[in-house]
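Okay, so chain A shows up in both of these, paired with chain B first and chain C after.
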Partner chain A sequence: MFHAILDSGKIWKQIVDALTTILTEALFVMKEDGIYLRQVDPLNIAMIDMVLPAEIFQEYSCKGTHDICLGVDELTKISKRMAVDDKIELSLDEDDNRFEIKMIGPAVRKFKLQMIKPLETPRKPRGIEFDVKAEMFADAFKQAIKDVSVVSINVKIIAQNDTLIFTGEGDTGEAEVALKVGEDSALFDLDIKTDSYAIYPMKYLSDIIKAVSGDSISLQFSTHKPIQIGFGIAEIGTIKFLVAPRKERR
Partner chain B sequence: MSESTLPWTELYRPTSLKEVVGNRDAIKGFNEWLNTWFRKMPEKRGALLIGPPGVGKTATTLAMAKDAGLEIVEFNASDKRNKAVIEDQVMQAATQETLGGELRLILLDEVDGLSGTGDRGGIGAILKVLSITLHPIVMTANDPDNPKIKDLFKVSRVFRFSTIQEKDMLNVLRRIIESQQVHVDDVVLEYIVENARGDLRAAISDLEAHIKGGMTSVVPEFASRDVRRGIENAIRRLLMANNARTAKMVISEVDIDHEKLLLWLEENIHLHLELPRELEDAYDALSNADFLIGKISINQDWRLLSYVYDFLSAGIATSRKTTSFKKVRYTEPTWPLLVWQGNRRRTKRMSLIKRLAMTTGVSKKRIQRTHLKLIDVLIKRTPKIRVQISEWLGVKKAIIDGRG
Partner chain C sequence: MVQTRLAPNALTKPTLTEGMCAQCMGHRHLCGINPCPILLRAKSLVNIQSAVKGRTLFGSSPPGVFVGEFGYPKVLVGPLVPPILGDETAIMEKPDLWLDKTINDIISMRFSLVRTKAPIPVDSVIDGPRFLQETQALALSERPTDSEAVLIKKPTFSTLITGRTLPLGPSAPLDDFVLEGNPSIPRAVDRITSDTDANASTGILELFQERVSTQHITRLFSIGLVGEIRRRRLVPTRWSITAVDDIIGKQLHKRVLHYPMINDYEVYSANALGNTVVILLLPTAWQYEALECWLTGANLNVIQDDETYKGRSTYASSVVGAYYAARLPILEVLDRRRRQAGVIAFLETDPKIWVPLGVWRFRSLAKRALEESGKKFSTLEESLDFIRTKLHSPLQIWLNRSRVYERLITQTTLDEFL
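Up next, the complex of A and B:
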């Protein structure tokens, strides 16, 4: 048994936007205390780790654990039909193996989605230690990525002293965005254990920034190791992306 | 995904190299190549596995990757694969780290299947990826002579896979049967294995079809891979059957023309039946069937067709009473050839009769009754006279000769 109500379609749209970035099918795990999702993209370059506690829903009840796998394309199409101020009701039709999304606005619209068989099981969390931890305005991060994307298909992120640098170079030229930590800076916290740098694929980062919904984000990375981009959703929910770096030739 | 819904070819995919059968040398070389990656980048960053379908190219790769703890990214033929996808996704996979930092094995299945106008573009894109990849790339292909993959030879280690031996296939099938806890007759297993012709995947899926079809001791039924084999299978299974019901089922399930079946049985039935008594019964059944077919073609009384099938199935199967079933090679019916030869002879003869009738102003019937015989006698007595006759009638000598 699963049933949940969200007051605004906006949050659901944000959730679906986050899934779209790297997944083709979403495997939600509905538990009594909330909805969990942890999956990697088909190329095993990025991982999404989403936690939606029961409290972000206006109503939430779930008996036992349900694995619900849905096509991301279908979810996107449905969320496009949603008005931001629609009330969203989610439920599970176990007999028919369908997931029901009801939008309650001026009209009551009901979509039933065929659940699909998941190709894999949810991933185990990866216990990764990071050397660099940065907190910054989401907007500043988005702008930095967009700036570098003008010239490069990769973005190199460097953390040294009190500065975080986004740079890239391509056939046409180079770009560099530097953010110094400070009270008035968009970068309000930078914790560096060792100076670090790594190169990440622009393709993934530019998709991910589109899905960032919160005001601030946290970045964590180490040299030649994956980067974790985390942000909040609906106050107490969290979405974390992990993206692998470019492989360096040994 | 629950286990019962997986096709057996997936369910029983080898999870470790130990479970892979056949192609020892190729697999050894392939494994050495893959292990090089842990020490240094090998000179050739791609491996090209060439061999017919179902001999374990993909299975070996997946098992090996699992043994070595590699992440796998698979691009198989069902994915939309073109130049753009290779340049984008395969390139990403080839140049990015994995999340855990281990090697990523990139499997490009059936590279000879890259289709469309982007073919060369597709191979070109693969070549480019091969030149810069930092992860091992494994490609599979069926046809070594396919010109599309020629360019890959130079930049890849090539490992050739051949068909799986019957004893290896039997072992795998027995393992599956054991884990399914069912009983399948050895003769059926042998039949499945032989039928698969070295294609283990085909054998496994035939076995699944056989067991899930609810038959564990009756002979299996499979879609024929071509017409000849279809007929041969039908006959073999028919002769394997030991009761009328099974025989009828076998025949009703194959899609073979009753006249063709009759001819094949007529040609081959003696291979299975050794006793005169059995042969007599079988040919009785055949002639009854043939008689009914004649009735049908004259009166168009198609209701009789089911009796034809009764004679051809139950009649034949039950005629084998003592001789035990054995596998034999069937030959194609010679009857149609004989009929054709006969027809040719008859048309020649007809042209001679027509000619004679025109020249002498006598009916064709009368020519056949009197004149032809006379000409025969004349030729027998003085063979030279043929020349005169042929000139007189304006017919080729060969026609007069050939009328026998």
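Up next, the complex of A and C:
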């Protein structure tokens, strides 16, 4: 049994936006204390780790654990039909193997989605140690990625002293965005154990920034290791992306 | 006297800049040489004046129709009618059977088809003028149909080689068109085109599932016989070819994403008419890249477009139609094998042999390549070494442009860290 009510369609939209960045099908795990999703993209380059505690829902009840796998395309199409001030009701029709999304606004609209057989099982959580931890305004990060994407298909992130640098180079030129940590800076916290740098695929980062909904984000990475991009959703929920680095070519 | 062969010295000094032909394909005059030397050669092969006499044209249409794009939304439409009677004309619209013909054969065959044309708004497909209704009836047929076209003027030769459509010959303004024979309409075609509630994508997919040829689907789609009744339009042939390739491809793409991956690197290749297609299948999730290169002298330029497992939402603006034409047979084969793979397609064209006759060649060559048993390799390097022997240009220039290759060698995966 699973049943949940969300007061705002906006949050559900943000959740779906986050899923579309790297997934073609979403495997939700409904537990008694909330909804979990941890999946790797088909090319095994990025992972999304989403935790939606029961408290972000206005009503939440779940008996046992349910794995619910849905096509992301279908979810997106439905969420496009949603008004931001609609109340969203989610439930599971176990007999019919369908997932029900009800939008309650001026009209009550009900969509039933066929659940699909998942291609893989949810990933187990594994901790990774990071040498650099940065907290910054989400907008500053978005701008930095967009700036570099003008010239390059990769972005190199460098952390040294009190500065975080985003650079890239391509056939047409180079770009560099530097952020110094400080009170007035968009980068308000930078914790560096050792100076680090790594290169990440632009395609993934530029998709991910589209899904960032919070005001601030946290970046964590190490030299030649994955980067973790985390932000909050509905105050106490979290969405974390992990993106594998690229090797320097020759 | 009409010249039918071009003097050989006209082509000895092409001042074509690298990569230009691949983007121009004979109709944008990018190189500044007017008329295009490649087109000139095509034109010289056909003796138009003697092909058609008089104003009444009687012959068996293969069947073929053409919808122009100039002046959209008011376009020139009409059936393609050769001054020849009989079932042999069928081959004129069946490029699948052309790979083993010579270029001269193809051109003279195509250029004996007269493109008739009459102006009509694209949205007047329902209860249109008689010539259009007859043309639509013709388009439904799968076999050549005897027909009579009354022309306003004698056919004149204004070459229309678009690089994407099949080559087109002389054209003439159309006065009236009637079918003399009975079109032979496959049951599935009749059923699906009579469905006036399903949208065009659904119709196209159903036709594809009923094994109606892509040529036939394109013909039906472009003459406005597929889709929801109020939204049916004439679709310029050039657009409809790629639209059909893409609509079917998108659907297959969705299915392929659910299949397990292949285990090895697989290479398939085919070569005909100055074109080479090499297909490299990779043991990864679906990603597709088309690389195209025209062998135009010392400085070769490779153009590319690619997509990842998510498919693409924007038009492949560099490789254009060829991107979709080559993708379709690859997806078809993966779907049939129930396997998923990453793909790099190398499309090589030698303009000294080839004249721009349409993207069908890449579709047909990719199909032919995949029909034969490919070679399997356990490493990427081995497969690339083999590909090196199949291409006429250095492999490195292709790889330098390839995004998928770059990803393969530089991108790490999360498995290495988790």
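By our rule, the second predicted complex is superposed on the first by the 247 of 250 C-alpha atoms of A that agree within 3 Å, B and C clash if a C-alpha of one lies under 4 Å from a C-alpha of the other, contacts with A are read in each partner's own complex, and residues count from 1 in each chain.
The criterion applied here is as follows: a residue touches a chain if its C-beta (ideal position, glycine included) is under 8 Å from a C-beta of that chain, and two chains touch if they have at least 3 such contacts.
All values reported here derive from a predicted model rather than from experimental measurement.
J.: Determine, for the superposed arrangement built on chain A, whether chain B and chain C clash or fit.
T.: On the superposed model, which is not a single observed complex, chain B and chain C clash.
J.: May I ask you to decide whether A:Pro118 touches chain B, chain C, both, or neither, giving the answer as first, second, both or neither?
T.: first
J.: So, does A:Thr24 touch the first partner chain B, the second partner chain C, both, or neither?
T.: The second partner, chain C, only.
J.: Quick one: classify A:Lys133 as touching chain B (first), chain C (second), both or neither.
T.: In the superposition, A:Lys133 touches no partner, neither chain B nor chain C.
J.: Using the touch definition from the top, say if A:Lys247 reaches chain B (first), chain C (second), both or neither.
T.: Touch status of A:Lys247: both partners.
J.: Once the shared chain is lined up, is A:His66 touching chain B (first), chain C (second), both, or neither of them?
T.: Neither partner.
J.: Is A:Lys102 touching anything from chain B or chain C once the two structures are fitted on A? First, second, both or neither.
T.: neither
J.: Mind working out whether A:Asn44 is in touch with chain B, chain C, both or neither, as first, second, both or neither?
T.: Both partners.
J.: After superposing on chain A, which of these stretches of chain B ends up overlapping chain C: 97-105, 277-285 or 385-393?
T.: For chain B, the listed stretch overlapping chain C after superposition is 97-105.
J.: For chain A, which residues belong to both interfaces, chain B and chain C?
T.: On chain A, the overlap between the chain B and chain C contacts is residues 40, 42-47, 119, 126, 201, 203, 225-226, 242, 244-249.
J.: Report the residues of chain A in contact with chain C in the complex, numbered from low to high.
T.: Those residues of chain A that touch chain C are 24, 40-47, 73, 119, 123, 126, 128, 153, 199, 201, 203, 225-226, 242, 244-249.
J.: Could you list, by residue number, the parts of chain A that touch chain B in their complex?
T.: Residues 40, 42-47, 117-119, 126, 201, 203, 224-226, 242, 244-250 of chain A touch chain B in their complex.
J.: Would you mind writing out the residues of chain B in touch with chain A in their complex?
T.: Spelled out, the residues of chain B in touch with chain A are 1, 5, 40-41, 71, 73, 88-89, 92-93, 95-101, 104, 134-135.
J.: Flag every residue of chain C that touches chain A in the complex, lowest number first.
T.: Going through chain C, the ones touching chain A are 254, 257-258, 284-287, 308-310, 403, 406-407, 409-418.
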